[in-house]
């Protein structure tokens, strides 16, 4: 991640500002406010603003006139109860806003989470930065053989280098031709004074999907957790998981009690189907049970066994 | 509006707190934070929290690293432009949270605005306050003769007093019987030690729709304006307009530049249909035009003439 | 439930219509289209329209040009997979619309599900029907002693009769006074020709919360299941569960494969927290474990034991 | 637009199906159901399913038991009234589902309309078609000089040809390298039996933004009109307007009365600000007024004059 001098100045400027407020604050999150946390090769997340803290959840659940809290113990118990029983509305009472730089193909996954507010850098209006995502060699995974939507082993040796060369060369060539069509370099210099450039809204179509874009993204705490639950999961594509992992850290700084409940009930938890429960009940009773005695598919059986670390029962 | 001693203490306590923050603030809104602003006879609104200010809109529109602003003039011009051209996403970047006490029949109108977060005081869990809305005499309007959804002249004299008596007596009687069924008074005292009370989730059904409820209500700036545009309008029912008017004041304290643009383009503005434009064009040319030469209904014609103060052309 | 002659005619009229369509249909749901299915004493649900069937989910998941299906087996496997892994967007591709008559206090719970479209009968514009919900004696539950949000034993004998009398009398009296203030009976007859009635939007505030209202309610299949999961659950208030149960039946007629997956993974399934998993793992290994060796609260422990039918371990 | 033999068969198959239904239908829309309507060089829209018609709006607005209509005149009047006064919920009672093929850079604009359901063809799972958008020469516009977000004159001659060559060559080269990295051609043939291909979720990042994708897109009538209002407008980028225009045609076939009201009040209408109204009032009175006597910016003044065809007053 490379910030321009001017950008670094702007960020420092924001970080040095200090106002008095009667609003509640999240002290640990204040510490990292505005900071550009690097993700992948050129991306970042920055927490720009937030509203509320763990206390706001308690206050809303109780619809109280004051702080709505007695002591930490009670608050923690209430937050865990709300999480466990899907009483989700109090978690909507907190809000967070990020500035994020990310490759376009990841932005396209991300935007499918609709309950958020987004302002993206406009390539109709401005020229995009000359930055594209190139994976590290250890993330250059082959197509999985048995999961059409997954990754297999890492590609290595010459083939890895070839892939990286293709990605790099194609991104550079298409970007150069983007500038050519615009008749303008990314730094604003005109290429040929006798030509007029193609409309930006058209020229951008020549860019590859690993080009970086950026946006302001704002969501409430409930929807942030919905996002993280899916995107910090091991089924998620590595590149979006890198963002989700960094956001989990900001979640911890912002609402530590909620974070603990979220890790326990959502991230670390599992769901057991009605049929799966019958299997677990028998296992607890010490009965031997094989998949043939159940209505589970092979895939379901394995998912269930893995959830409870029963590696020896995988088929 | 009557707050208990304890509630007054809790509010004072919040108002006296002062934290340092790196976040942007809205100085005028800070002044009224937590304050209970009285509405109707027992209702109120209180601003509990907010995120962002006028500057945040500019910052998001530009997806900037820093404050995203040059000078007040430019910001104001950009905000007006965004408002005029329905570029609505930057306005979603600010958020506000209210604590509101309001009669149930108004809460039922209010909740139709779905793009907001709500936590309502639970009458399954707690006993509702003994407070009901009784209109002032000057708001005791008759059913309109020509608008099935509107109010006509004010009812006066004996009939007005009769109406108020009915409302008062019925609300009190049903509330007393609510307590009777609960076997518990609103202050928590048990009525008959030998009885068990009816479940709260059932007993509440005996209350009248003018009973007050309360909730935490949070929304973004765009949806707040959508709400205010409809509910501060003269077509809105007086009782919800009373809330909307007080909220317009908080809007002004929060985002003064946006407030001005909103008043100019939305609240004070008008929409002219394609057919209506033809009429206005002819009027500008000095042509005489009657409704028969148009495709407008009588109602449309009158709405158009009123929008441009052409009282003499009403039919 | 009592329908007027005219209403019965209108419904029959709709049921007898038959059109040709190229759209997919749900044959079993067609059978009950428009029919008023009675709920509680005066309520009903009616399926008015629907879009899509099980096949549409498969088609959307595959983004196919044609029917998007090979054979029932494959479709069923795909739908189960989507349900299990929270791939929720294909379920949003089906839509259903109900006409529902329900008591206002239930409507207020219902409306908290925001991702739906609603048109409610307007009491600003029209006079509400003279119908109020009175519970059956077997549903007249006392307040629970140990769960502030729940019901305990059924109230019986004289006290039950007293409660029903209070509910009935208060609802009738407030309705009569509603008519009095309107100066108009629910059948449209004027009470006193020399008086003008109070505006409808005001008079309605005198009605009790068990008065019936009605609305058109439309939602997609995913959000219908979210609604049913919470409202057909035993934690839900009996009165809303009565509606949810009837709607589960229509779900089964509409999308039978999805219904099966929903019952297995959501309704009959359970969630196990990270800490809960540790407990289950030990139980499967045959280890004896007590709550003291865990971080679970008493409540969590009991919920876990109940989920797996370990009644002897309840504490 | 080029469909495969198999796709043509599948579409024909769907078009030949005929079911009986008790649901309301939209006869003209049935005519074009499933048909692939070509847009741009390789794109299309297909109406896959719909729910409701003009009548459903009337029915919902009246919360009626039957068809909710008397005669066409009354219905039309009601629909126009609802549209004029932003009574938007009855329009949410109709739903439509499209299958759409479109370039990725357009899909990225489109998806910003969040109140819709989407299932996109997965490039994590499958290989994208070898199809990219190349503009017609008459759409090869230069960047506008005075509007940073707009198009200016058409680029012509050699420069036009150069642009098209760059676009074509870059798209083809990056697609070929995409296949190379996948070690698989778009027809499924393996390139080198001794290599394993890069994961699809990674390889796709090499594609350019004019590559075509496809999705199922479903929305209600209100949100469809919100989409069309912005995207069929002359401020919208030509490429998305091409889709919006074709969708306007399907709107007309589906709900002809609503379509008329939409064209009159939204598409052909204009908004006049509070300050703008003062100007129009003076012009109607025959007064001469210049921009200096107003608070309008130059841009606002010109927008107002253009809305009422006062070309001679442009400055």
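By letter and in written order, the chains are A, B, C and D; residue numbering begins at 1 in each of them.
The rule we apply is simple: a contact is a pair of C-beta atoms (placed from the backbone, for glycine too) under 8 Å apart; a residue touches a chain by one contact, two chains touch by 3 or more.
In this text the structure is predicted, and so the values were computed from the model without any measurement.
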- Note on the structure: Touching chain B and chain C alike are A, D
- Message: Shared numbers divided by all numbers used: is that above or below half for chain B and chain D, i.e. same or different?
- Response: same
- Item | Rigid-body rotation angle, chain C and chain A, from Cα fit (steps of 5°) | 180
- Provide the C-alpha centroid distance between chain C and chain D, rounded to the nearest whole angstrom. 35
- Query: So how far apart, in whole Å, are chain A and chain D when each is placed at the average of its C-alpha atoms?
  - Reply: 29
- Message: Where in chain D do residues touch two or more of the other chains?
- Response: 89, 112, 118, 122
- Message: Going by the contact rule set out above, which residues of chain B touch chain D in the complex?
- Response: 77, 80-81, 84-86, 89, 112, 230, 235, 263-265, 267-277, 280-281, 283-284, 286, 297, 299-300, 303, 307-310
- Message: Under the definition above, what is the set of chain D residues touching chain C in their complex?
- Response: 3, 6-7, 9-11, 13-15, 17-25, 30, 33-34, 48-52, 56, 59-61, 63-67, 89-90, 92-93, 95, 97, 99, 117-122, 214-216, 218, 220
- Item | Of all residues in chain C, those that touch chain B in their complex | 103-105, 107-108, 111-112, 114-115, 118, 122, 124-126, 133, 135, 140-144, 148-153, 155, 159, 163, 166-167, 170-171, 173-174, 177, 180-182, 195-202, 204-210, 237
